[in-house]
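Next come two complexes built around chain A: one with chain B, the other with chain C.
Up next is the complex of A and B:
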């Protein structure tokens, strides 16, 4: 836990406090209105009909039958859908993903929307969609890494280079005392936030109001403006609460836009909510990977070379490549490192960002390969990692802005009891005879900064406002950002009016890349500092003030007052300063953005170490994770309760990644055969072990003014690899394919 | 969802008459049927709600030792009935290993017996399925088959029956009481189900209008109470269908097994009574060798229906384990994780 007294002394009363979610009461009492809870007057219900084929065209739809069904108002198809101002396949920048918006009859993936039925009731719309009874002209789909059309992408993930290397990997491997070449496969995973994508759209002439979950309000507004040819000022996107995002709500999905089109077509407000099975197609997924790693070490167990190649899939019609090799650019020291990506085009929806895109998949393979090499060297996996600890970023050579990974290893290992690990696989058992295994993995996620703006204000009554279009996906932004805002303005939280979650507020960028608290927090901090500077100007230049002459830098704010640094006994309330100056308020804007100079000079990442214990039935192969300990260093901890929750959530997804989650796609049809939460397994409570998340102190003077790194995604990295390595340690069977299932352990 | 008539039956006779019409289906808790209707897999024209029928929600301990369980008894009510759990511990353990607490609280005994397969191709209207559409073909055959049948399947259907409850029930000679147009009759649970053969759409011997009103366990079933277990291997610790499951009940005579009752779940389109296993065990000493031979006797008939050969070896090991646990004796208390490999039992005798 962070040193609360230290945090208070440095910042104020809020940052560092383990506050509960400010919106928690609303959520547990059902008072929080999620998008689909909105019911404007005259609301109609829209249901999407989706394609059963993965490639071809829709030959016919029985629109008449659907329209004849009682309650059905309209059927929107490729024939009558509103034409758009912009081709939804246009790609003016890499973050414009192609959408299927009923502008033609083609089918590019299974579960692609092919029509929308709009009715007075949800039931009527649902039955109307069934009655469409589509017929298709089918082209055989190509599904899977071995069937797709090969591609050599230039960019992967959010625009990273596909190939980044340093040194001569082949020479490093040639000189190596020991070599390991190993291939890991990870399964496709589909976004399934508890809240499916949903939208309530209302047109009022050329003005458009949408309630929809969004991790990127301003981008959503601009996307709608482009598609419908609207002035962005005439669009309001409201997204106060999200039932989970995880990357799936960063960009508007096709079905969300279809809701807006449906409302335009019928001239009434429309609600459209995706059915659970419809999440398996049009809203993005984590593509499968096949990763081959080649490692060499010298006699001391130091890496001489590391080559990490990823083969992954993108859709036939758009580009997103899971950047799984990227993690090898940052983590282990080696004189020669090569990180490469290849792709294939397949007939699925376009893969997109999913929690720790690249790092999650890459970490499983890298940590597995490291475990294999540690064993080849006869070294304890922790000792091996310490021998290959990167003191500077492996490929770029830059120093780290901060890196408390050694402390993570030490604290995690101590809490877990790593020293009790038997060195030989299949050597530990519990009293009942079950196999016990210990495994570890290193966690890493880049400490990114995006762009954000915020507005801050102090009023003459001593209250303040901070406003920005930030996003609370459930991670706690309403709370953590408000804590930053309260301290930034030097007021108590109950004096702060914190406004967030709508697109008419200053653009807070995107809640993604684990960068929202850092970026939006910096914007808030900067806006608040500008407000305080104005207050200080008013006070320190006024001889009636006890602060007169202290100078702007000679005062600080605390508890709604400006206080002299040279004499803390002399202070003045904000309200007195404003009232005397005859001002009702002072306000200012602030920005959050990466600092190019420090980004050039330093490598910036959050780090962690995850330790896993598994229990496995030696005869039946059934696996259970029994303990997880993660120790993470991610700069300043704004709210330890929320940060711990983020680590828990990430680590539980690590359990899911290692043991459960897999979209089963029938290669003949291209359909996901387990598109429901009964059969698409994620961990249930009984699968979630005792979890310990240790917050390791880390001070980072370079990453941003607040010293904050992200915590949203790092928990999934390290964890899945730690579990896979524990399964090996328990059984002596190295399963190089996730999810690891019991049939692979029957021996 | 299509439009349908909803009939709330006031008596068994009324229900049978109302459900004898083509396209009618009985509705109890609906934990399976409503999902099938939402997915457009089942489109009954008439739902006959039987949840208000009087007298079908009782557990009766019969004179002479048998138990009669009303069709509408909720799964959790039966599992938590102290007398029932004491006399039929493997059945209670199986019930508590199924579905989730919420589903068990809603689902009825008779509904559990008649739940449909979880074969994903059956649930996918765009896939060919002989069960849904006789003669259409079976897309599961060369599809994703990790969880499909290894016993009793045919080229027309390789699906499995998903129930846990039914597995110990068939091993204990449970009987279903049926009311139909032709009056009342009893059918052994094992004979209720048909193997797929060439008509996998005909899942049971029930005729239109037939209503299961009760389930009966004979007095001998309680004779296994001291050595009776259910064990279920699954892909997650809870809320998952069995990959393979086994019920094993033993009655000892001297140091030897007097009688054994064994059945498998997750391997066939019906709960699979392992009679060959039982035959090997009759009179045998309880040890790993006899258990292994007994398991082999049943699995000699097993064949993979796809990418599921592992199930045969897994079923073999599971029979051995279930017999080992049963021989060790029924635990005094229901394990916190019923039927689980992680229930806390020692793995070997």
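Up next is the complex of A and C:
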């Protein structure tokens, strides 16, 4: 096979260009079809009735009243729900929920579905669900971190170890000149993508078509195949646009499956859309944490030990533990580091990955503890972080594949004006007398690679196709992956047919772990490389081609042509190569996967530094974030416009984490008391006045062939801690419980 | 029982017969008229994804019963560009949202854009970013595209106020 250099083709073409979104026109005109926008012929509407209790059983439902309501077609309950081919409570791998699908009358959490009303109109189905008037046998629920005896989980997150440590932390603490022990608490949070989980399901005999938002099309298809005993080939899942995911659309949830069951029961297409309050239960959440950190430093301010323990909760029937201590495995240098988790079981829905799962919760506690220690050492928070800069990964000892964190600190601090920070808390005021505080935090997110496949093709007319079942939940996959595809094939973007978003295309894995662009992009890159290799074979072995004999010197692709590397004046169009060979097209598959050797040799993370300014009313305690500056280094930037938006969005999630989001659970009933967007606070436009994101240059030759790290989640990390530290700097009051609210600053 | 009402929807007069008085304007648009651009994020007026203009004013269409609007003029995202001139591909606000990346997932976007058009017509925000942020705060964006949204509104407003107004980018 000829040696082909793709590096040249990638520069100055699509990758790196700040293109606007290719799906932009559809989204601003209302023409992009989200799942609930589908209206197949004969469609019925389904509304879920959910449990008001958190534990017990459904004693009775007034099915007759619901069925008597005009327009109601059927009521699906435990007595008539289709039986399934597989126990929905069985768990075959860590990447699935145990589901409640009306196979019994048991209630395991508030807002668990207990019936589905199917009607000719949405209004009738809604009224029918009200008329069910359920009665329950109630068992007292177990709610909150103190509800049960903590246990050490078998694994945290997606199967990471619960305990990872290096060195003797107790000895390190004993020898320390200074010690800090501090406990932080984070609230339970719900993803609340603005698009509620929705499904439109259509059966055609044993063939099933579903429109539903999914961050993992292939996983969703396999879950449905298992539950309904279907050949996966007979299932089509379509998810061209997701109205946000943030993790909550990673696993197929119970209500989505109920939509499929309802369509099967009535033999007509069914649309089922969760109501907003029904999103607080069956579709995952970020569990609350209580994190205790113990730090020791020597006289110079260098850490001698760091211990990070997290207590969190999972549901009583399923496992997902927020891996909040994990961030301490990667960030600050210390000879002894211990990261541990324990968990309790509670009567809530099962927690799930939520944007920066573990890293977000862990970062706010770690950055707070670091700020406390910096003050104890009498050091500026930035200087303290630089003194404890990790030159290799703290626990594993591996070198970093790349780490431009010093540059992030320097550029962020300069843009923010960190040098104007007064060292004493409660010493800065604005002209109106409001307290001003500056705080900072370090951002980190692992640079993961998952598994993906892609198909690429070049045709005799010089156009190309790249196809894979990738997911655009707002991060910009339609655009960024197409940019990678165009460059991979060496054609202009307008010559590319980019197909994505359905389960009949090659399996692109999941959109999660900030790894989708890297993983799917690598699959695309490798498929395109295989196509170009075939083209090069055709050309360099044909004496009629100007590239004949170039096999040793090599060729590269640009602008729809193969070009001799040793003589750029000699090139040939893809179309000429194919037409002369009598071929209509060449195509190939490619894969993206982690490279075990480089993963073994290097620690791989994206890094950043976030600086926050807050303004606080000294009498009322009202907190405003007035400025945020984040500087991030995450390898190659595919599209700076979209990457900047990801950082903005992540940092706004950091604002939300620090000041807004909290699900309030009534310990007696187990119900979320603020299950709506009026009382479950997320930032509005007026909450985020000024945000700046700096894209710091970083070249990573190891992380993957494209040098891409993830950008979707890192913005939350660092930011929440920076805001909390700024609140301390403004007021002199250290609040160790997020969200920070004004009542915690008064009194 | 049949309920009759007349609406002008995106410039077209529509005589509508409803079999149910409980139908909201949002559900009428989405489920019965096939105008699915307006989105349902909360169904209780808290998120703004369903924002449309009714007689030129911003309205959460999930909170308005269709039958209460007999005779009203309703403008949705689908009709926005054509409301300036027939055949116009994009309203300046739509073009500015693309240019300033004022959205990510796009689900809140129709509501954001209709709210921005309403805000600009209200004339109360001017070129003050703080007032634009305030005036757009009835529309939640969970992705956090607020920076681009604010820039887009300011930019579109300037373009619409300037010479050659109405042109798309």
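To be clear about the criterion, the second predicted complex is superposed on the first by the 731 of 747 C-alpha atoms of A that agree within 3 Å, B and C clash if a C-alpha of one lies under 4 Å from a C-alpha of the other, contacts with A are read in each partner's own complex, and residues count from 1 in each chain.
Just so it is clear, a residue touches a chain if its C-beta (ideal position, glycine included) is under 8 Å from a C-beta of that chain, and two chains touch if they have at least 3 such contacts.
Worth saying up front: this structure is predicted, and the values here are computed from it rather than measured.
Undergrad: Who does A:60 touch here: chain B (first), chain C (second), both, or neither?
TA: Touch partners of A:60: none, neither chain B nor chain C.
Undergrad: First (chain B), second (chain C), both or neither: which does A:742 touch?
TA: In the superposed model, A:742 contacts chain B only, not chain C.
Undergrad: In the overlaid three-chain picture, which partner chain does A:104 touch, first (chain B) or second (chain C), both, or neither?
TA: Neither: A:104 stays clear of chain B and chain C.
Undergrad: Once the shared chain is lined up, is A:624 touching chain B (first), chain C (second), both, or neither of them?
TA: The first partner, chain B, only.
Undergrad: On the superposed three-chain arrangement, identify whether chain B or chain C touches more chain A residues.
TA: C
Undergrad: Now for A:79: first (chain B), second (chain C), both, or neither, which partner does it touch?
TA: neither
Undergrad: Quick one: classify A:475 as touching chain B (first), chain C (second), both or neither.
TA: In the superposed model, A:475 contacts chain C only, not chain B.
Undergrad: Should A:130 be classified as contacting the first partner (chain B), the second (chain C), both, or neither?
TA: Only chain B is touched by A:130; chain C is not.
Undergrad: Looking at the overlay, does A:669 come into contact with chain B only (first), chain C only (second), both, or neither?
TA: First partner only, chain B.
Undergrad: Answer with first, second, both or neither: which of chain B and chain C does A:684 touch in the superposed model?
TA: both
Undergrad: Please report the chain A residues shared by its interface with chain B and its interface with chain C.
TA: 123, 127, 676, 678, 683-687
Undergrad: Show me the residue ranges of chain C that touch chain A in the complex, using the header's touch definition.
TA: For chain C paired with chain A, touching residues are 19-20, 22-23, 27, 30-31, 34-44, 46-47, 49, 76-78, 80-81, 89-90, 94-95, 97-99, 101, 103-110, 113, 129-130, 132-134, 136-150.
Undergrad: Quick check: in the complex, which residue numbers of chain B touch chain A?
TA: The contact residues of chain B facing chain A are 1-3, 40, 100, 118, 120-121, 123-127, 139, 142-144, 146, 233-240, 243, 310-311, 313-314, 317-318, 320-321, 337, 341-342, 344-348.
Undergrad: Report the residues of chain A in contact with chain C in the complex, numbered from low to high.
TA: Touch list, chain A to chain C: 20-21, 23-34, 36-37, 39, 45, 71, 121-124, 127, 192-196, 241-246, 273, 275-276, 473-476, 641-642, 644-645, 648-653, 676-678, 682-689, 691.
Undergrad: Which residues of chain A touch chain B in their complex?
TA: Where chain A meets chain B, its residues are 52-53, 123, 126-127, 130, 431-434, 615, 617-622, 624, 659-660, 664, 666, 668-669, 671, 673-674, 676, 678-679, 681, 683-687, 741-743, 746.
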